[in-house]
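By written order: A, B and C. Residues from 1 in each chain.
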Amino acid sequence: MPIITLTTDFGLTDEYVGVMKGVILSINPRAVIVDISHNIDPQDVTQAAYVIKSAYRYFPAQTVHVIVVDPGVGSDRAVIALRYDGHFFLAPDNGVLSFLLNNDKIEAVIRVENSRYFLKDISWTFHGRDIFAPVAAYISMGVKLEDIGNALDPVHLVQLEIQKPKISLPGEIVGTIIAVDRFGNLITNIDVNVIRFLGAEALTAIDVWIGGKKISGISKSYNSVDSGHPLSIIGSRGYLEIAVNCGNAADKLEARKGDAVRLRVSSA
Amino acid sequence: MPIITLTTDFGLTDEYVGVMKGVILSINPRAVIVDISHNIDPQDVTQAAYVIKSAYRYFPAQTVHVIVVDPGVGSDRAVIALRYDGHFFLAPDNGVLSFLLNNDKIEAVIRVENSRYFLKDISWTFHGRDIFAPVAAYISMGVKLEDIGNALDPVHLVQLEIQKPKISLPGEIVGTIIAVDRFGNLITNIDVNVIRFLGAEALTAIDVWIGGKKISGISKSYNSVDSGHPLSIIGSRGYLEIAVNCGNAADKLEARKGDAVRLRVSSA
Amino acid sequence: MPIITLTTDFGLTDEYVGVMKGVILSINPRAVIVDISHNIDPQDVTQAAYVIKSAYRYFPAQTVHVIVVDPGVGSDRAVIALRYDGHFFLAPDNGVLSFLLNNDKIEAVIRVENSRYFLKDISWTFHGRDIFAPVAAYISMGVKLEDIGNALDPVHLVQLEIQKPKISLPGEIVGTIIAVDRFGNLITNIDVNVIRFLGAEALTAIDVWIGGKKISGISKSYNSVDSGHPLSIIGSRGYLEIAVNCGNAADKLEARKGDAVRLRVSSA
């Protein structure tokens, strides 16, 4: 059965998400619709970019991923459809697919233009309902991207400026907190491959500094430290995270999105 | 596949919504269940009435829409099933279907009475589980409304007093903010058909006043004004909305549900 | 169609729940996945235990219930699969299944060990994705528990210390508020069977005391008292609840989780 995932900033209070599902099921009654998140911070394109990058690969090939974080709705910003790594992505051209645009897994990109696949009346404020939902439904039924619009060169697409961690000193990496999850875990932009640059013998030989506080060694489980104590760990997205065992690191360490995190090989 | 939508004030923390789905799937394993909202403000029948009115038409005909915002649960308030515009609706008789009761699209109304279609034990507090969920499942399987209860005359059903906008002066309409969505957009009760009464040459020739502040012209996209500036626009429900481009109008304009909004043709 | 329910403390903002669904559907495309709650308070194993106990029986037999409230993730805590009362349960061995471990409805318990049914790479922080989701998918496809791990004796499983109500005086029961739901209803640990010990002629002959305030008689509907007034009632879980008609009892009575509630036969 064809799967369509939804990632939006619509929240779950208003009828917006339910309406998108109604439109999809009206066109493709066999679609299986899965919510990834509807609680992206309003207009936070970067947050949505990390979420879809982290989530898509756990779905079957051919899944259609719809991302509607779209502050430019109703303007002349393009809607794009992308085939990448065996999956389909449908999103506004505002950088939300930045992580999927910079390598050779791109199989096709088009500008969504064929109004035959839209609802009849297009509102000024809710293209999630009027364009994204119906186009996703048709893609899930096998309509070809080339029928929906003309090919684009990916170099012309909007790209987010993604903050990357820096090697600031020999043996030091400086990264940034890019998200705080429900548990108060601080998710950084420092992934495992970057940490290798430190050349440490083991993850336990790396110290993590945040806000003047040192955490010794990267742990392998939350309860490797006592309850209430901070630790660092490689999180499920493959990035360094700072957590508090059975607690909330954002509160405990008074840290938040944008704060700096430093890694150093511990001095023996 | 038969679709059942759910609109409740149960929230998503307690097990209530999941339990309703379990009951439905126990009876009709083929039902596709779609959440419209479970975050209706507790007991806010009016909010639910606007939500279901705005959402239902985007689902296929024959969809069963279940609305459980039910402060009178356990009392002698009736549960009603309505066939309207090709869809089914199941709700307490408390006005939540008010927008669907005043015209000729009504095809049938019954009082839900046949306990054969209920769970065996009826609790005092959770008819969503014990009555609404099983009856919805049976309707989705083709059980006829006449088997579930006796016909009612719609004139005897509870009706909400819905605030309507007023033509207060020649060339002036006064409406009310009826909802604030997740983005802080202020949704009014002034629909496009009412705006036509102003006889303006174009929507851009209409000024919108809120809390002493004037917004010139009704826009066609959020970013028709600079980021952080207010605008008015026809929203996805077909009603006038007041928004702030890339911002939160409720915060910026210190406005909330119940506040007045005035429309005037702009003086040339 | 096989049903899998999910109960977690992951929230609905991060991608975690969506990712679990992607993993499940990648293995068993026919699975119907139902959310029970993802808003369990972080690491609140007791809250999750009450939720799954209250919810599971409303699903069809053979349903696979997955509970991931798992502060010990990445440590050597076991993952267990239980067959109980015709349903399957998959959870960490941390007491979250306590209510299902103390009687003769247990049909089988195993320790989940066969990594053939896990994702290839096991993270340190997200066994919901790497172990629970794939194992649940395989169980829903008919894989036998004995293929997934070795049998355990239930007496060795972790059990929560569940607070039970006490008969403190002849004719008096003292219980505790164990949860506050979205409506502000105060859910106690006093179930109907315990109330029978009072030997009252009728529920209306029992007074309920909370924080020095007396509520006379146990009601049969919320609106048996005037709007804004407190009442007690047998809630949908079968436990005594304290509510305010069209209001919020937690706010009105300044009560919260852990507070004591007393029941006495009213003095005639």
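Rule of thumb we're sticking to: contacts are C-beta pairs under 8 Å (C-beta built on N, C-alpha and C of every residue); 3 or more make two chains touch, one makes a residue touch a chain.
Quick caveat: nothing in here was measured; it's all calculated off a predicted structure.
Q: Determine the set of chains touching chain B that also touch chain C.
A: Shared contacts of chain B and chain C: A.
Q: Where chain A and chain B touch, do the two copies share over half of their residue numbers, giving same, or under half, giving different?
A: Counting which numbers both chains contribute, under half are shared, so the two copies meet through different residues.
Q: Return the distance between the CA-based centres of chain A and chain B, expressed in whole Å.
A: 31
Q: Could you list which residues of chain A touch at least two other chains?
A: Each of 12 in chain A touches at least two other chains.
Q: Looking at the complex, which residues from chain B come into contact with chain C?
A: Per the touch definition, chain B meets chain C at residues 9-19, 21-23, 25-26, 29-30, 33, 42-43, 71-75, 123-126, 129.
Q: Tell me, which parts of chain C touch chain B in their complex?
A: Against chain B, chain C makes touches at 1, 3, 5, 7, 12, 32, 34-40, 51-52, 54-55, 58-60, 63, 179, 181-184, 219-224, 233-236, 241, 245-246, 248.
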